[in-house]
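Every chain is named by a letter (A, B, C, D and E) in the order it is written, and numbering of its residues begins at 1.
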Amino acid sequence: MSLVQQLPALQVAVPLLTAPLVILLRGPALAWAAASAASAMAFAIAIALTATVLSQGAISYDMGGWPAPYGITLNIDALSALVLLLVTGASAVTLLCGRASLGQAMDPGRQHLFFAAWLIVLAGLSGIAITGDAFNVFVFMEISSLATYVLIAAGSDRRALTATFKYLIMGTIGATFYLIGVGLVYMMTGTLNFADMEVRIADVTDHRPILVAAGFITVGLALKAAVFPLHIWLPGAYTYAPHMVTAFLAACSTKVAIYILLRFDFLVFQGNFDVHAVRFVTFLAPLALLGILVGSAVAMVQGHLKRLLAFSSVAQVGYILLGASFASAAGLTASIAHMFNHALAKGALFLAVAAIATRVAGLRLDDIAGIARRMPFTAAAMALAGASLVGIPGTAGFVSKWLLLQAAFEQGAFGIMSAVVVVASSLAAVYYVWRIVEAMYFGTPASGETATADSAVAEAPWPLLAGLWLVALSNIYFGLVPSLPITLSETAAIELLRNMP
Amino acid sequence: MFLAASVAILVTMVLALARALMGPSVYDRVLAVNMLGTKTVLFLAVVAFLYERPDFLDLALAYALINFIGVLAVLQFFENRHSGDASKEPEKPKAGEA
Amino acid sequence: MSPADTIATAILLPLVGAVFIALCGRWPNVRESVTLFTASALAIVVWSLTPLIMAGDRPELVVAQLFGGLSLAFKVEPLGMLFAALAATLWIVNSVYSIGYMRGNNEKNQTRFYVCFAIALSAALGVAFAGNLVTLFLSYEILTLSTFPLVAHKGDAATVRSARVYLGILLGTSIALFLPAIIWTYSVAGTLDFEPGGILSGKLAGPAVGLLLALYVFGIGKAAMMPVHRWLPAAMVAPTPVSALLHAVAVVKAGVFTLTKVIIYVFGVDFLFAEPSAEWLLYAAAFTIIAASVVALRQQNLKRMLAYSTIGQLSYVILAAAILTPLSEVGAAIHIVAHAFGKITLFFAAGAIYTASKKTELHQLRGIGARMPWTMAAFTIGALSMIGVPPTGGFVSKWFILAGAFQSDNYVAIFTIILSTVLNAAYFLPIIFMAWFSTEAPGGKAHGEAPWPAVLALCVTALATLAFFFFNQPVLELESQLVGRIK
Amino acid sequence: MELLGLYNYWVFAVLLMVGFYAVIARPNMIKKLLGLSIFQAAVFLLYITMDKVEGGTAPIIQKGVVDAIYSNPLPQVLILTAIVVGISTTALGLALVVRIYEAYGTIEEDETQQLDMQQSDSHK
Amino acid sequence: MMTVVFGIFLLTLLVITAVAIVKEENLFTSVMLTGIFSLLMAANFFILDAADVALTEAAIGAGISTVLLLGALALTPRFERKGRTGRWLALFVVSLTTLVVMYATFEKPRLGDPNAPVHQHVAPWYLEQTPLLIDIPNVVTAVLGSYRAYDTLGEVIVVLTAGIGVLFVLGLPGAVGDRKREDLATGRTYLSHHLVPQVVGRLLIPFILLFAFYVQFHGEYGPGGGFQAGAIFAAAIILYALIEGEREALTVITPRMLMWMMSGGALLYGGVGIVTMLLGGNFLEYSVLAANPVTGQQLGIIVIELGVGITVAGVLLAIFHAFAARGR
């Protein structure tokens, strides 16, 4: 078999098998280099896979040479390619440019373990994105979750520990719920393979276990995806994790859970379940709307930069779900494109936070007052990413917000109501992003800072700055040339809707 | 025959469990746990014969070994409690905390 | 250079200028030379497009294809040409004035000021040349954002608070109303390109038209229709050159320009004329004119009074557009120009008075004509133009609007114009009288004219106001193409 | 008899409830982890219940026995994995609890929350 | 029938134990009861024909888990404070979940129903094809080691992650110092001065180790395999540490060796996958390892099971030492 055909397996195997090597390496520099190399390679593989998917359609790969449904099959279609790009891209950028920020957070003696855990998160998330087996999803979910707990616990504040513990409890509940759901589906269909399940579930006559399975899987994954009101683990985890970890996770981890949620709900449950089309919408839409409103409202009053952005993430998850709950091609396209675009915006914002944190002690809004004078490039990139988060035209955020509103207008009265909510939350976003921008540009530093410190330009280390600008500029690029995410999302939306009546 | 034996073992397990639940002292519970472990080993052995799969005696063996380690771990736990940091821990929660 | 290149140059030139201004921040003379040079170059570039447009050409430039058939594209048509030429020309004058004002008042952060100014100009040109609503919206938002630092220039808490009102209203209305309106239009019409005759005609009917129009009218906050006008008085905290930018060069003009463009190219005049649910716009504009004039009458602060005057004058443009007759549409376009010259003169004068004497309130202006004859002469010309007295530019546009109103027997419009003229006279004439014929209150500080660049600038604009009365033929010709198209 | 055949599922439901209750209602972190183990064990039971075939035996093929009925091996494989995942989670959770106790002096969740709130108040 | 009765009996005990675990305020008692819970659960698994799972549950649930819980409990308070917050909400959520589960119950297939969907699809294929394709008696091992080897690799990584996590959170066990003096200083004692456990323990340890290897390599024929063997191996070393002190145990298997075990097992497993790729097969397609595909499968399973065993033993020991070292 040629190397190209082996790419799906290598996508997971490269980071997964580099991780055990990394823990043997002595010295943080070497561990970092190995992890970065593996991560960059994973990104390259993801790009190659995406190109293949775009040119030839979905790819499948039989693990161990056993055909589905007896063995585990990897399936890569447009949706998984998009998620893969997010996961591997986020990891590559944050790892490659984040060394300075990470070094700040922990002592060198433990760093090799940290980098190994990072690679395992990467492998776990990409494993979820490409697998075609329901139980395999559980295994990789647990791989990524356990390693994520390690990454978050690396935060220097003691509150990182309690936040991790909370996440551990809720994450395990979510995974176990998912496991119950998969068990019930298996009980009624006898298979674990997604494609096989899709076919066999149509013949199931006893609907109750399937309905309950749908409930458990949805709730379990909603927990992992931080869907309101199951988001309570997220603000603490994002706030107290090391900054680079936050940037990495905020860009992709909740999206992977949403990805599986969409897969299950649309492909396995929705089309085969006559009552389900209604239920999916009625169940998720109010939560999405509430999440948008509450997340935005809480973000407006937060004084801590990372907390503010974390609550904004809760709202953004609401956007993604809202688009999906329309159960239309336009809605799903918007939803999937927003996964991509929000990852760009949030990733850049958290990178900027990391950059600021290399030079400033606190991260409350008062602490970053007037920072633009000392860190002009960081501040500018942050403002740019903020504009994308708000959805200013010309940025990536605008594209998906546009698509979302457009999809909403197709939905009649409910759509208008959702549009109003989306608009209201955009206004809230204007408000909270503006608070950051204003603090950076027009705030006056607290009395402790003297005029001399004020005028000295002290930018973040250059790799961090370069990565930050790379992501910030890609917000502009994908705002002006959004064909890649849009093509992928449109293809994915059509795929997901293939079982819809 | 095996059936009667297994029923008898189950009854013993109930008794052991009752002791483990009721206490009153921690040592009662430790002993009860140990006993329950032993009964489980027996039960497995009997059921293996009942199922006509005597090769599963392996399992019973494993249980016996594991059970021993568990008890030793408990013992060591108490050694350390009493000699080491026992003073840190009240034997009973304080009234205010309860 | 092909016309498309010219468009690109026109939009990029101020941005490049901004970069150079930022680089030259340490040497004020170089910096200001760059500003002046960029402004002049821009004016030349923009003016070079006019013959083409006059000849009926409509050059286009597609920058990027977005999604779903949307694109980032520019297309020059008469209305946009007029606005662009106006903004580019006034930038030169404004720059000259700014140099005098900023130095005269020893303002801080002057580099940021000039940089943001240049970016705002680029955005204004983007608004002017936008070929579809997406491009227009993008430029519109950049304009809002780039003017914020200008408004908040002083940087103290009160200023920032006011600037926040400015930004909040403009950004808020545009996101909450303008954007949904655009998306709604897109879902109905399937395109967002500006087409002569409109793109919505026949695709929407009944109250929905009125509702969509309302989304546009209030979403375009820069047009300052009541009740979304509050940002304009709030922005009075800005330095005077910025006020001139807001009121005359770019911002409010971008608002009414956008609105006119939406009425002509998105709805289509004929379509709106036939649709009863759109009639409310006329009344709303009339109300704003009268209400703003009444409020202006009661102001004590010169700049605040001018701000309310602007709100009224903007609604003249909207009123003219809403009359929906060929003559009134031309009147709307001309009024943008006429008001620009008049109002910039007035603001320059107000700024000059502040620079020379630190006076801001109306009652302090007694007898100031004697100390600052040039300034007050220009002020008088500007005020007369606002009222619409010949031989000033204001008369020309009012004439066309009135003629349009008579054309369709629109008595509400006629009555509004007459009443507001009276009100305008009522708040401007006392000032002029006071300035020239009262004696100064005793104990006043002795002062002369403001620094010469400022005086020069305001004299030039005052002359332009007069000149527009006599030499308005090219503008009329250009804009009559608009009428030809809609007929 | 029909209903007795569902007894395992009821026990599954009850264990799920007991474990879940401990996780969300008990503030003590070790108790939460114990609850989590019960919660997961309930799911193990659900899966293993599925694998049983009446008259069947463990899926280890006996040489020479021809007509043996074997139970389903697949749920067993899945639960082997799940058990290992469970212990891994518990171990990591316990490590965190130990560190939390060192940092806060308590392992009751409501108390750590209070301490956190005091901390962020004092930062203001 | 008999299975059902035994099952009902054991399950009832299980429920009682579970309730007692949650109700008990003395965490030590709770942990003891957790041990009972695991044993009962394992017995249940056994009568439900899941011999491999029963062995794993006993080794991991009752053995390792108890040791770890006690290790953590030694460093934290032993009594739970009664909580009062959020009870009603909790009860509501829990009851809701239970009702949902109960709702599904009545349309589920009965216990042991041979017509249940799970027995119609996929599983029969495993039972029929394994003798032909892989030719080892234990179908569970075949599924685990070959058909779903990718899952198992994931599982090994989960274990490895837990190891990494605990070492990261608690710190790595340090190098071996002077045990006696340190123990004297901290007042920590071991069971070395108790004659009975010491003698029995020393006698048992070789047998446990032997048994671990038996479970490891007999996994293809009977219940057992890498996970169970790794756990039992770790248990033997832990027993040694309990008797002689964990410093002594660290001289037997040094911290560096532990790290090598942790990653070496996983690398061995992954290495098999890479080798199969290089030989032209898919990832973990053992058939290419030998000329005869069946031999290749058997070889592959033996090697990856060994990898599993090494990693599991390494990780469990590392975790144990991390907890124990924290108490010093």
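Convention: a residue touches a chain if its C-beta (ideal position, glycine included) is under 8 Å from a C-beta of that chain, and two chains touch if they have at least 3 such contacts.
Note that the structure is a prediction, hence the values are computed from the model and not measured.
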Target chain D, source chain C, minimum contact steps: 2
Greatest separation from chain E - chain, by CA centre: C
Middle chain, criterion being Cα centroid separation: A
Chain located farthest away, centre of chain D as origin (C-alpha): C
More contacts between chains, B-E or B-D: B-E
Distance between chain centroids, defined by C-alpha means - chain A, chain C (Å): 44
Separation of mean Cα positions, chain E and chain C [Å, integer]: 75
Between chain E and chain A, distance of the C-alpha-averaged centres to the nearest whole Å: 32
Residues within chain D bordering two or more other chains: 16, 20, 50, 57-58, 60, 74-75, 78, 81, 85, 88-89, 92, 96-97, 99
Junction residues of chain A, two or more chains touched: 135, 139, 142, 146, 149-150, 153, 180, 186-187, 192
Residues within chain C bordering two or more other chains: none
Touching pairs - complete list by chain label: A-C, A-D, A-E, B-D, B-E, D-E
Residues of chain E touching chain B in the complex: 2, 6, 9-10, 13, 16-17, 20, 25-26, 28-29, 32-33, 35-36, 39-40, 42-43, 46-47, 51, 54-55, 58-59, 62-63, 66-67, 70, 73-74, 77-82, 186-191, 194, 197, 200-201, 204, 207-208, 211, 214-215, 218, 222-224, 228, 232, 235, 238-239, 242-243, 327
Chain D to chain A touching residues, read off their complex: 16, 20, 23, 29, 32, 36, 39-40, 43, 46-47, 50, 74-75, 78, 81-82, 85, 88-89, 92-93, 96-97, 99-100, 103-104, 109, 112-113, 116, 119, 123-124
Sites on chain A touched by chain D in the complex: 135, 138-139, 142, 146, 149-150, 153, 158-159, 161-162, 164-166, 168-169, 172-173, 175-176, 179-180, 183, 186-187, 192, 303, 362, 364
Residues of chain E touching chain D in the complex: 3-4, 7-8, 11-12, 14-15, 18-19, 21-22, 27, 30-31, 34, 37-38, 41, 44-45, 48-53, 56-57, 60-61, 64-65, 68-69, 71-73, 75-77, 80-81, 83, 85-87, 90-91, 93-95, 97-98, 101-102, 105-106, 108, 110-114, 116, 118-119, 122-123, 126-127, 130-131, 137-140, 142-144, 148, 151-152, 154-155, 158-159, 161-162, 165-166, 169-170, 221-223, 227, 312, 319, 322-323, 326
Residue ranges of chain E touching chain A (in the complex, touch as defined): 100-101, 103-104, 106-109, 116-123, 125-126, 129, 146-151, 153-155, 157-158, 160-162, 164-165, 167-169, 171-172, 259-260, 262-264, 266-267, 270-271, 273-274, 277, 280-287
